[in-house]
Amino acid sequence: MKPFVAAAFAAAFSTLVVAGSALAQEPIRIGVTQPLTGAFAASGNYVAQGAKIAEDAINAQGGVLGRKIQLVIEDNKSNPTEAVATAEKLISKDKVPVLMGAWSSTLTLAVMPKLMEYQVPMLVETSSSGKITTSGNPYIFRISPTSEMEARAFAPMVKKFGIKKADFLATNNDFGLGASQEFSQMLKKEGVQVGVMETMDPKATDFSAQLAKIKASGSDTLFVTTAVEQITLILKQAKEQQVKARIITTGGSNSPDQLIQQAGEAASGSYHLVFFTPWFPEAVKNADIATRFVEEWKKRGHNVGGLTEGFRGWDGVHTIAEAIKQAGKPEPKAITQALWNVKVKGINGDIAFIKQGPAGKESAQNVPSVYVVKIENGKVVKN
Amino acid sequence: MKAALTLLLLAVLATLPFWLDNAYLLHVVIITGIFIIAAMSLNLLLGFAGQLSLGHVAFFGIGAYASSLAALGFKLTTPFDVTVAPNPVWLSMLAGMLAAGLAGWFIGRLAFKVRGAYFVIVSISFAEVMRLVAVNWLELTQGPMALNNIPPLELFGHAFWKKPENYWLVLAVAVFSYILIRRLVHSRAGRAMIALAENEALATSVGIDVTRYLVLAAVVSAAMAGAAGALYAHYVRIVDPDVFLFVYTVTMVIMVVTGGKGTLAGPVVGGLIFGLLPEGLRAMAIAPEMQWIAYGILMVLVVYFLPVGIVPALRRR
Amino acid sequence: MDQLLQHGLNALMLGGTYALLGIGLTLIFGIMKVVNFTHGELYAFGAYMMYAVVMLLGANFFVALPLAIALGVALGAALELVLLRRLRGADIDTTMLVMIGAWIALQNAEQFAWTGVAKSIDSPFPAAPLVIGPVSVAWNRVFVFFVAIALIALTYALINHTKLGRAMRATFQDRETAALMGVQIGTIHTITFALGSGLAAAAGALLGPVFVAYPSMGDLAAAKAFAIVILGGLGSVPGATVGGFILALVEELGAGYISSGYRDAMGFLLIIVILLFRPTGLFARKERIG
């Protein structure tokens, strides 16, 4: 009798355990909205790829709070109205407790009212417009630098480059216009003359008119801020039109390796502000994490040109995972509170948040590292 | 019998937010409703008056932008110094309909001068020019940065933030639009429009003032599309230049043609199918491109095998 | 003055491909009376075929080009046979709706096949430009210009100096009589549509490597094609040729001196202006649709 009872007990107990863990096996969903198609598709896809590498790495180590994490990735089509639709879907339908997105500043700004409405936090991995953390939205947690931070990081190099007069060519959305504004203000403080400030539509492919005006202005430097697809075309067309100014791209989404692949010779002699230098891992603070990421990226056959963009997905997902762990439950309010206190070793450096914006409604901002590299003879070199 | 069925249908629709417990699905229904209103307006011009206007999204977009700008207020320095203070949303929506109606008047007059395939091209070009203006006139429209934080409708001190009230608003406008079109079509003006569509030369010969009725159809159609655009702007609360994309005209055309152009129920049926189908397909994890390929093929098949559309085909049975 | 010269040169280089687009459409829209919404998709198809052959198969650029064009011709023929045959004699609205359906299906098939990320196509030309005095032009654009001119000349020769060309002209002037004279009407329709589509694909194959290939690239190209056809006069091949260069010039000057953002709007504004004031276009044929 006893063995029988013991066996029955064991059977019942193990069934309960299995059932219990099956319930606990329900994954923690994290919403991701990125431009997978449209004018910013190259970078959006890189970020998504980086995020998926992070997802697998975290799950391989047991996940978060005993459960696996699951990224729900939606395509916002590089369009602000679509970005709002993806946020609506992720929050109301998929019931995600936290989001990451939306890549471009315009897309992120579009989503922000939804975060206020549903009180769900979003980790901003790429956008650079100052407005995002100064509008009084306490659900924003940004790990990427603002254009202002970028400009400040670049200021010491102005003398080194010997810039006397600079032009600007930027995509006419919050990202491009914000960067032009911040950099031109910084340059004026350094005593540099600002020439023409040209813009273009994010979907444009022909910049001959803008480049003709830039050529005529006689500046020694041209600052370009836009997505990598347009940078490729600008480099090619600038060479064709014999624009003499040195080109410096900002924003960190410039994927120098991709520029070398696609613009070839035309990319030589250009400078780029990036937030991750996979070519010089020793310059990176958390070298071991960075190296592992680069290895896994290459193992999956992703374009190496995407490393300088994909790391954002990794850093973003890891920050979110750490916050969920510290919150103790996958619940928006708890995660929002926990995010303020996270300290994560990321690929860009150590991630932690400071307050930014109007008192009482601050947003969170990280202070990341900024690097300047140069393309010379088909390779990326330190500046 | 028909009246009883209609009442039952209305009862079901009116109580929808109570028994449809899913916020996301309610959102889909609201967007579908807005598109149905736009499709009905296109049907008036395309189906009843027989004008192949493929720039219909221009009216939708003008209504959306005009209403948003009136509600948010704006400041211009070029070409002239203009400052407009924010206005109550109900007034802005009317402004949106007015602006769209004006555009309709312009197109209506143009349609008379320029016929057939040429008119098709002109109407498409008009919508594209509107899109490019919206993209480039940064001072007015914010271009690709979009008009954000558009206020919702406010009636008697109550602001329409929640979904159920927006649903009822859209339902009310949809029902009103349906009745309006029905009365118009059955009126003398309506019969003149249909005569014009069937055989213009004959219509003129019996003394029908073709221009006048064409312009009337265009203005009513445009104002209704403008109303749909305004509803959209104040519900989604963000408007960007992509609202003028040709693909939205195509969506409306598909709804009208497959539903049955020139019938009252056609655009409603077409709108329900093509508004709700994407959500159903999304649940089946079919790539969005495949959906659109299916729509394209469906449209071709409908033109071959059901040229009059679903509603008339069903009626024949 | 230098800037003006540069704009003129840019316009000349671009005008050739615009002319190709326009001629292709005037054959289909002007002569066959089909409102061809798939014209832009053939343009995109030409560019994507260059991508596939050059970048994925690793073939030589100069081999890929005629291959891409031939594939465009084949696709055009297939479209005509599958979609338009049974609509012979139907009214223009019906054909138009079918072409819209085909357009949606084609563009989304292209996006599904190649994803939404823009594709760069390597070209064998040096990055440094050809410098002529105060102006410069990229070598790849020079190549594009000469190939476009060659194709235009070939098309002229085909239409005006061959038996096939005569059969085409006869069919579209008076179908019944042509049939009585032994012309195979069905075949002529297919060939004309295929030729028009092939020219669009050629324009795409030429311009793809100069810029980038992306799924919606055909939309703008189609719109400009319609503008050129209306400018030149429906059905007029010389009109479309001249129209192509005029549009390129108007775009360049407009972008250079008025506003760079409104570059693409120039075509549309041109359409509206022409239709308001000189609806038959510059080189009109006697008839007008509608």
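We just call them A, B and C in the order they show up, numbering each chain from 1.
Definition applied: a residue touches a chain if its C-beta (ideal position, glycine included) is under 8 Å from a C-beta of that chain, and two chains touch if they have at least 3 such contacts.
Since we're looking at a predicted model, the values are computed, not measured.
Asks: Treat touching chains as neighbours and tell me the shortest step distance from subunit B to subunit C.
Replies: The fewest steps needed to get from subunit B to subunit C is 1.
Asks: Comparing A-C against A-B, which pair counts more contacting C-beta pairs?
Replies: Result of the comparison of A-B and A-C: A-C.
Asks: Counting in whole Å, what is the centre-to-centre distance of subunit B and subunit C, each centre being its mean C-alpha position?
Replies: 32
Asks: When the centre of a chain is set as the mean of its C-alpha atoms, what distance in Å lies between subunit A and subunit B?
Replies: 37
Asks: Just give me the whole-number Å value for how far the CA centre of subunit A lies from that of subunit C.
Replies: Between these chains, centre-to-centre, one finds 39 Å.
Asks: Please output the residue numbers of subunit A that touch at least 2 other chains, ranges allowed.
Replies: In subunit A, 172, 201 touch at least two other chains.
Asks: If you look at subunit C, which of its residues touch at least two other chains?
Replies: Residues 111, 261 of subunit C each touch two or more of the other chains.
Asks: By residue number and range, which residues of subunit B touch two or more other chains?
Replies: Answer for subunit B, listing residues that touch two or more other chains: 135-136.
Asks: If you look only at subunit A, which of its residues touch subunit C in the complex?
Replies: My answer: residues 36-38, 41-42, 45, 77, 172, 198-201, 204-210, 212, 216, 229, 232-233, 236-237, 239-242, 261-266.
Asks: Enumerate the contact residues on subunit A facing subunit B in the complex.
Replies: 75, 79-81, 84, 88-89, 92-93, 106, 109-110, 113, 117, 172-174, 177, 201-202
Asks: Contact residues on subunit B for subunit A in the complex?
Replies: 22-24, 27, 135-136, 138, 143-146, 148-149, 161, 236-240, 242-243, 288
Asks: Write out the stretch or stretches of subunit B touching subunit C in their complex.
Replies: Spelled out, the residues of subunit B in touch with subunit C are 52, 110, 113-122, 124-126, 128-129, 132-133, 135-136, 246, 250, 253, 257, 287, 289-290, 292-293, 295-300, 303-304, 307.
Asks: Once bound in the complex, which stretches of subunit C touch subunit A?
Replies: Within the complex, subunit C contacts subunit A at residues 3, 6-7, 10, 111, 115-118, 120, 122, 126-129, 131, 136-138, 141, 211-212, 215, 252, 255-256, 260-261, 263.
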